[in-house]
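Below is one structure, written out as structure tokens; comments come after it.
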């Protein structure tokens, strides 16, 4: 049994980790920390866990985490740099769900997150935990940076096209719609039921922190600098991300392939991926089809009128976009079947 | 492996059975029928099942169901009487999620459902599938009538009080709030997003079909005729039932017990029940704490001002109120661990 | 034109007052205060007011409010006691939407609100602003206490029965369901979209601050002490209160009347009331039918099985339950047609 | 007083017309038709209208409509062609909310709507009722085609740019998110609360009926053929459209203007428009800010990274996207102040 610790268990990615890990056959939940809730039973804060998780929150310290084989960090960005180093020094694997180790370039990180990076020396060894790209490196990693929710959804939709050089590296647009849980479990005015409900809005049109992460991933896939316009939207639902991606095809290549060829390309690229589902041509995936599940569903379209390639991609932001992907990484690191504990069927309706 | 058939798999209890059974380690999904969708892959209608269920819908007939060990009926009331008989005749167990075999009294059934009962001869052997009451009879049953959603929620909240003769048998009030999925997956005006959303309403105040079922169950528990006022409400959420139950205590007995005694009584009554969670005194259970889970959570209150006993009880109407309870019955019938395939943690948020 | 000031304009009752008053033909919006938002245009905080309200928030002080004919207090309880006195001293009418002047008994107030009452000397002249009961006193009042949302909904449903002595004064139950806006516009965890959405829960079962207010109003109507069990519930919708009220009839009197007599009684009682709509017998009012409107809709039922009287009553908690009723009071005080500015049709869907 | 008839009053645009017209000071609601509901009081179907509208539904016939000065058609496309002709023949103005007279080209109409056009001879005189473009023609019109919801939102966002030749006429993308009421008040599976709730999906990616209408309007504004990619999405809210529009600027011209110049251009273009609100630079309009209101709010952005122009535009699909715009047209036709009856403040929260 793998002994697991969670640092910062009071947010939505924390409770989602607990939901998944409490059902995982090879995991022993060992420590869960929260400075503010120290001593409180986890199941008192999250009553869905009653009967499933007996732990109490404890102080986040290297000492408390010492018995673990792996520690998940479900903390806001910037708060866990120091502790992550101490945990690694004890020979424990670290899987970080925050943005702290996602960007290779510390300067870029500092610019987008408005604070000094507290663990630059760890950046070179951090592995970007998108299994569909980095499975081999993940196997060897000590420190894994779990991708953000928007970046997961956008990259999976564009990888096959960029890897094959079928689209231009500029002019890409990602119009993304996220459920409100993406804002986290904090008492913020904008996330109130009466503020976010029955309404739709774009935000951060001028620039969102996930932009450099997406750009970095797409650039790697393309082998040359990619630029894109990324516009996130707040959608009145709890879970889910729907990305609508407009990809400017290289005309000759796309004409040669046709829509059927594109469809085949995606199917081939993801044939062996347990958590990417290429839907039949012409599908319109719904976010609810992946509610609670680690699946990413993708559909490929070509607009009749303009010929533009339109990719639709849906995930559950808290699962494939966070905690589920984190567990997927853990399975890879510990050489377990990658789907173990993750074969949850989406909750529909 | 138990070979399972489902008759009428296109509704919400059908897809919920598929979600649960596709993860059940001892089940082999064998047949799923729908007259209207014959030949269509189940996963085309319910994309959350893609990769989990490969079956196509087939014609509902005794012949098609012949290979099964057990058949779940997830049909509307009144449509499966004849087929149920034929299935039983083949030596197959039947677990019926409709109302067809819940009432002992065929006359009462015919009066509430406005049609002749098509299988009266089966009524004497039908077992009411509330494991918390009838576990022993369920073990021996050929034909199980899975309780309705409201009746499950109300009975579990009142059983301890009635069994101990602590409350009056008249004057009980059950004010129940149900999510919209209780209305089924049919294109009805009142269940539209724009009709049921952002609104609350009572319905069937003058009498609802679940009333005789609740009354029958409570009467059995009390050992004498129980009458109650039952008012269902349509609530703008997808899943969940919240029952608020006002129980007139027998003054002397309740005073002798006190709230602590009541709490202890409930805890004792359900100590060995895997799917009833008596919450700490003073709790306010939320329906979301059981979303997707087979748990019923109960809290006991006594109103400070009036001394009235108020019981709060929450279930997921599609799980403990239908498909989950059906699987729980199957586990009992086939002598499997009762929790097998049902230890899903509620999806929160 | 009546010059109107609003103290505490940043909450939901504040913005709702602005919506209604900006359309009122006899009102000139003159001052709106908020300590925290001083200098900010109101329409920047509430973009629905762009083009309708040009005011900026200003400091709440007697001086700033001096030009007003009437001042609405839309502050949390307990914060405006001193300022209310100063405003009254300038000869300005005060219409208070908080709970500060609703209870006649200062001791009871202090006990439920856990703080000393800061303006006891004003209590004797405060008029409880339920026009359906106190219209004549309101006409003469300097200081009006606008009823709470739950109390409005419950009292209007019970007044005809209690005034006529048709029901017992104990054993009444009010099971009330409120939209989330009742929790106010404050960044509280429990009011987050992902906490309150897709879920139903009771709260404050052991006792809620609106209980003494309801009891006081019902006791006045009955002419003798009334006790009731009041259980509020949080419902996943933005606006609306649905009260389901169980009223123990005095058997002989109710039998003499019958349901038709009860219906006639309610119709007569409210025949001249512009904002109480007695629906046809057997109706099930929906909260959405009053969304944005000052109407209270009521339906009378008698449960077939138990004979219990069940009254259904719906209001918009922010309109008839707060700001609309406040404007209705203003119209009465200033001898304007009572419906002026309040004939908004409910927004359906 | 203008005598108004409504044909097809049982849908959402019908009830919305009734809400607005019942408050309009110069309108006398005279006839409302529905074949299926003949004889039923309107307020029985739509209880929000109780006390505001006394009419009963009557048979849709030229005879019944004869007393009217103007008739609104709120029927599905294709059903009112013949009746519209008869009504016009009686000297009555027709304001059609369906798609029947929006496209100049009958062939294109027949192709997108899969049926013969039943009133081709009326097409030449039909005026496209977008006041921000066609105010002068509307004044003279007998027959007005009220624009669709998506087309209104997209055109208002692009007109200033296309009229000034600032963007390319190909490469435009409109990613639009609509509330569920856009699907109409019909018992369709996909519009159920449990199907459309808590989920997001694109639909009709390959081509939607509003595409030719948008293209026609944009082409007129540009003076040359415009092509665009239009992707509609179903959003879990009742009302509202949020259009996110990606407009490829002509580089030199845009650089010359800068974002400030673009902002000024929009402000100038709409300076005298009562129902277009150009928000401050950098704003993110929310659909709820126009809930129930006839306003269109627009914000202009330029993406920092790519320089792409991004326009955000929100309307209430049932008001500015249908019934409110219809009333605005009526006001123009009858030479009334254009805002009469339409100064409703958005319902927030």
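The letters A, B, C and D name the chains in turn, as written, and every chain counts its residues from 1.
Quick note on the criterion: a contact is a pair of C-beta atoms (placed from the backbone, for glycine too) under 8 Å apart; a residue touches a chain by one contact, two chains touch by 3 or more.
If you're wondering where the values come from, they're calculated on a predicted model, not measured in any experiment.
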Higher-contact pair (C-beta pairs counted), A-C versus B-C: B-C
Selected from B-D, C-D or A-D, interface repeating A-B by over half of its contact pairs: C-D
Cα-centroid distance, chain C relative to chain D, in whole angstrom: 36
For chain B paired with chain C, centre-to-centre distance based on mean C-alpha positions, whole Å: 38
Distance from chain C to chain A - Cα centre to Cα centre, in angstrom: 45
Residues of chain D engaged with two or more neighbouring chains: 12, 181, 185, 194-195, 197-198, 236, 238-239, 285-286, 288, 291, 349
Chain C - residues contacting chain B, complex: 170-171, 173, 175, 177, 179, 194-195, 197-203, 205-207, 211, 227-229, 231, 233, 235-240, 242, 244, 246, 282, 284-288, 291, 301, 303-306, 308, 310, 312, 314, 349
Of chain C, residues touching chain D in the complex: 12, 15, 18-19, 22-23, 46-52, 181, 185, 198, 238-239, 277, 279, 285-286, 288-293, 295, 297, 343-349
Contact footprint of chain D on chain B as seen in their complex: 12, 180-181, 185, 187-189, 191-198, 236, 238
